[in-house]
Amino acid sequence: MSDPADLTIAAAGRALRAGDVTARDLLEAVRRRASMTESQLHNYLTLDAAGAEETAETADAAFAAGEDRGPLQGIPIAVKDNMVTRGLETTCSSRILAGYEPPYDATAVARLRRCGAVLVGKTNLDEFAMGSSTENSAYGPTRNPWNPDRVPGGSSGGSAGAVAVGSALGALGSDTGGSIRQPASLCGIVGMKPTYGLVSRFGLIAFASSLDQIGPIARTVDDAVTLFEAIAGHDPADATSYRGEVPEIRPTLDAGIDGLRVGVIEELSGEGIDPEVAEACAAMVDRLEGAGATVEHLSLPSCEHALSAYYLIAPAECSANLARFDGVRYGPRLAGDTVEQMMAATRRDGFGPEVTRRILLGTYALSAGYYEAFYGQAQRVRTMVIRDFEAAYERVDVLVSPTSPSTAFPIGDRTADPLSMYLSDLCTIPSNLLGQPGISVPIGLDADGLPIGLQVLAPALGEAVLFRAAKAVESLAGFDHRPALASSEGAA
Amino acid sequence: MSHEAVIGIETHVELRTRSKMFCGCPVDFGAEPNTNICPVCLGLPGALPVPNEQAIEWTVSLGLALGCAIAPESLFHRKNYFYADLPKNYQISQYDLPLCVNGHLEVETDEGTSRIGITRVHLEEDTGKSTHLGESGRIHAAEAALLDFNRSGIPLMEVVSEPDLRTPEEARAYGMELRAIVLALGVSDAKLEEGSLRFDANVSLRPEGSDELGVKVEVKNMNSLRSLQRALAFEIERQRGILEGGGEVAQETRHWDEEAGLTESGRSKEESSDYRYFPEPDLVPIVIDSERRDELAARLPELPSARRSRYRELGLDAEAARLVAEGDDLAAVFEAALSGGADPQAAANWLTGEVTAHLRRSGTAMAETGLSGDHLAELVAMVEADELSATAAKQVLAGVLEGEGSPRRVAEDRDLMQIADEGALVAAVDTALGEHPDERARLAGGDQKLVGFFVGRVMQATGGKADPKRVSELIRERA
Amino acid sequence: MPPVPIDIDIAKVARLARVGLTAEEMERYGAQLGVILEHAARIQALPTEDVPPTAHPLPMVNAFRPDEVSDTLDREEVLSQAPEREGPYFRVPPFLEES
């Protein structure tokens, strides 16, 4: 049998139940993979050695006793370090939370634990999830497993990288403007952002509350569904949590693309998109058509304004969300003669430049005299984007576009120019403004051997058709490449 | 040129819900520091607020009691400012879409009745508490501050009046009436001294007859209705002095110093406030449809003004009506006594007199005494039936309050029943007359002042159990 | 809506955001904010007079909790994370401003 670190969640689940492998074996396999790759890639900030061993043993004992809590029992999963974990350091990749040990578990984490999943550790991210490259981490950047000179995307770069290289079988990420889908695309795996409200945000350290959503990162669409099913569902601790039934995915998951109406977003097909990426996506659309989909090219003119609206709404919300980091109740503190000075010094020292920039931007956009022109107008543009997409979904079942305008870019390439970095989120941002689900599926490699992802979008609560279309894309793409580092030879 | 004062009052009312506004921590004012805390009210990373439905209903109820329009759709906003006792460094409050708007409150003073506009009633969360260490106990020269977050997140209603008040007396009456309503609704302890009811006043002066508003000064830190009135009286005089001296009043916040009896300039924030309000993205809109509103309106208890009118109609004077209607728990006993057939005025006299004095003296609440409405009705009836003298009745009441039982039981146990036996009374009168022959002669000679003297002797001899009216009749007959 | 001129008082913004920046940092951030805002300000030209704002992606209302008490945190566990404590309290330097 191959290295258990390379198994899908589904295959690992079968192996566990067949007695071919133990949860302990799986954990050791992903840890071995981590020990071979971490120095180069830096996917993890914290490994929970003792906690993971204990849950793996509990899982093995459960299997032995014939107890089964479902497909995640005994499966090693990584969690982005912006979800709080009781007693396990949670920093959001920020100095301002160095050493912080939360007294409670995020709901999504608690649900994973209840399913018997083994929490391997906490993964690196752009500080407070602000970034598209995982370079903005106070604890050093994460590198792309396909080419360590490149970024893994972000902000869930550590989670995406860990799943791609096999130091976890699946992971949780969070997506505020594309932070699950874009790194999944750049790392050649599957990443999905659910409908806003389907997964509780309780315990997710907020970046932009009306846009943030936790979602699964996995190597296959099927595995992503498994993780999604584990974490989705109403949570009374989150007032924005959806109170209805979670859409059922499995009955239609394998129904194929035949009969579905697929819309191609014109605005995200040409200008601003790397030609190689655009061609790969167009080729996939042709194959979808060949497989029975009805394809329509649609114009969604508000798309180009979505980015501007996003870069006002997200910083505005973040400026308030990050106000609580003040050196009073947790985290490190810098000295000051007065509490005001102490806070100002602590915050200057504790936040990196991108976070500081967004806090200042948001503070300005909300301040007296500017609110209507910036934040208010951005919320109106949000309505325009919603109307555009509503009209589109009257004609098609799903929309497609590239996930990222380019494949993985070199480390350091965009750090000096915030605007060019922001453009990395061009294709993913609309669905955050809309609160609608989206998924990235790998469809091929570019000339440099870097993965290309296709994004599939669906209306709110349209997870069933989203996963169905994504699975069809996955089978048509037949993407079975793995980064060279994802093997003992490659890492050696 | 004479000036008139223009006063508006902001009132904060801490709600007596079981749990806090946005989390399940207990609302418990006596708890050990930092024990009623959780991720939400401590502003821990990742925590999210969920509103307490009871607090929202109570705020709507107060709005209805104040004749407000209830917003069909209302929002929470974030009010952003950094302060160490505000864990998130923003307060979840309401901004342009509060729960209740456009109400009014009728206020009575010696000058008459005025109708004070209520701009809005909204709901927000309280902050934690800070204590400064150091000799003065004040911010100046303190070496550090200590923070307790038990109060953080307790539901806080804010009631904003229009600047319709003109005198300190009117402001006090407004505060008193609002407090009475809050107590009648049962939504708060409304204790000024403990901070569960807080008044801030905005005061400006303008030339009499002018419509313009002068420079506004905010006065804080009044922890009784009396200090609200005193602080405003001081502040109005202070501003009048400045204006009459040709000076200009500075726009500022001033703190009332109860001991010194004056307002002092506070240390204002360096930045004029820019709270950067925006809709709280962690919460969804509150929709109260007309059906829900009507249901809450139907559940409103009798309000103090209505209760006072009803008591006036029963024959109580204005003062007694107010005291019984608003005094702590007096109304409940009063109503029960009426049901027991008591004469309203007599029952009110007992409650506002002896009973109130007892409660004050002993520092107990009505519920802790042995007095019930039935007891009060019985006491009133016994006095009316001449079974108890006035003096004896007071002693009986004291026994009832101490929990010794019903008035009849206490009267019998303490041997205080009025002497109903005519022969015994006659004997007592004759004895007194016989013991004081000189006084008896002067009485017989027409000196009526001596009736009182002999009544006193007889009452003393009978231990207060004789009916003084009958005794004086007998003295006149037999002298 | 007519575009609002971008005029950033970066010192005031930093004070409001409670970030103690140096003069050099203020200048740098001020310039960067200008560039980003100029891009974002393009949306000011859009015709939105009749468009209501969207604060929430999904139309939901009345998410409440019943007035019930739930568990509190252990004080020692919470205070163990504090940069400074004194007995049962969090300790901070004295306040300059009154609330």
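Each chain carries a letter (A, B and C) given by its place in the written order, and its residues are counted from 1.
In this text, a residue touches a chain if its C-beta (ideal position, glycine included) is under 8 Å from a C-beta of that chain, and two chains touch if they have at least 3 such contacts.
On a predicted model such as this, the values are computed, not experimentally measured, just so you know.
Enquirer: More C-beta pairs touching across which pair, B-C or A-B?
Expert: Between the chain pairs B-C and A-B, B-C carries more contacts.
Enquirer: Closest chain to the protein CA centroid?
Expert: Most central by this criterion: C.
Enquirer: Mind checking the centre-to-centre distance between subunit A and subunit C? Centres are C-alpha means, answer in whole Å.
Expert: Chain centroid spacing, subunit A to subunit C, equals 24 Å.
Enquirer: Can you check how far apart subunit B and subunit C are, centre to centre, with Cα atoms defining each centre and the answer in Å?
Expert: So the centroids are 39 Å from each other.
Enquirer: Can you check how far apart subunit A and subunit B are, centre to centre, with Cα atoms defining each centre and the answer in Å?
Expert: 56
Enquirer: Subunit A: which residues touch two or more other chains?
Expert: In subunit A, 100, 103-104, 210, 236, 239-240, 319, 323, 326, 328-330, 339-340, 343, 363, 367 touch at least two other chains.
Enquirer: Mind pulling the subunit C residues that touch 2 or more other chains?
Expert: Within subunit C, residues 12, 16, 18, 55-56, 60, 63-65, 73, 78, 90, 92-97 contact more than one other chain.
Enquirer: Would you please write down the residue numbers of subunit B that are in contact with two or more other chains?
Expert: Those would be 39, 42, 50-51, 80, 82, 84, 89, 145, 147, 274, 276, 281, 283-284.
Enquirer: Note which residues of subunit A are touching subunit C in the complex, please.
Expert: Its residues touching subunit C are 100-101, 103-104, 195-197, 210-211, 236, 239-243, 305, 308-309, 311-312, 319, 323, 326-333, 335-345, 347-348, 351, 356-357, 359-361, 363-365, 367, 369-370, 372-374, 376-384, 386, 418-419, 422, 433-436, 460.
Enquirer: Can you tell me which positions in subunit B touch subunit A when the two form their complex?
Expert: Going through subunit B, the ones touching subunit A are 39, 42-51, 78, 80, 82, 84, 87-90, 145, 147, 274, 276-278, 281-284.
Enquirer: Going by the contact rule at the top, pick out the subunit B residues touching subunit C in the complex.
Expert: It comes out as residues 17-19, 23-26, 32-39, 42, 50-56, 73, 75, 80, 82-85, 89, 127, 130-132, 134, 139, 142-149, 253, 255, 266-271, 274, 276, 279, 281, 283-287.
Enquirer: Residues of subunit A touching subunit B in their complex?
Expert: 83-84, 90, 92, 97, 100, 102-104, 106, 201-206, 208-210, 236-240, 316-317, 319-320, 323-326, 328-330, 339-340, 343, 363, 366-368, 371, 375
Enquirer: If you look only at subunit C, which of its residues touch subunit B in the complex?
Expert: 12, 15-16, 18, 55-56, 60-73, 75, 78-79, 86-99
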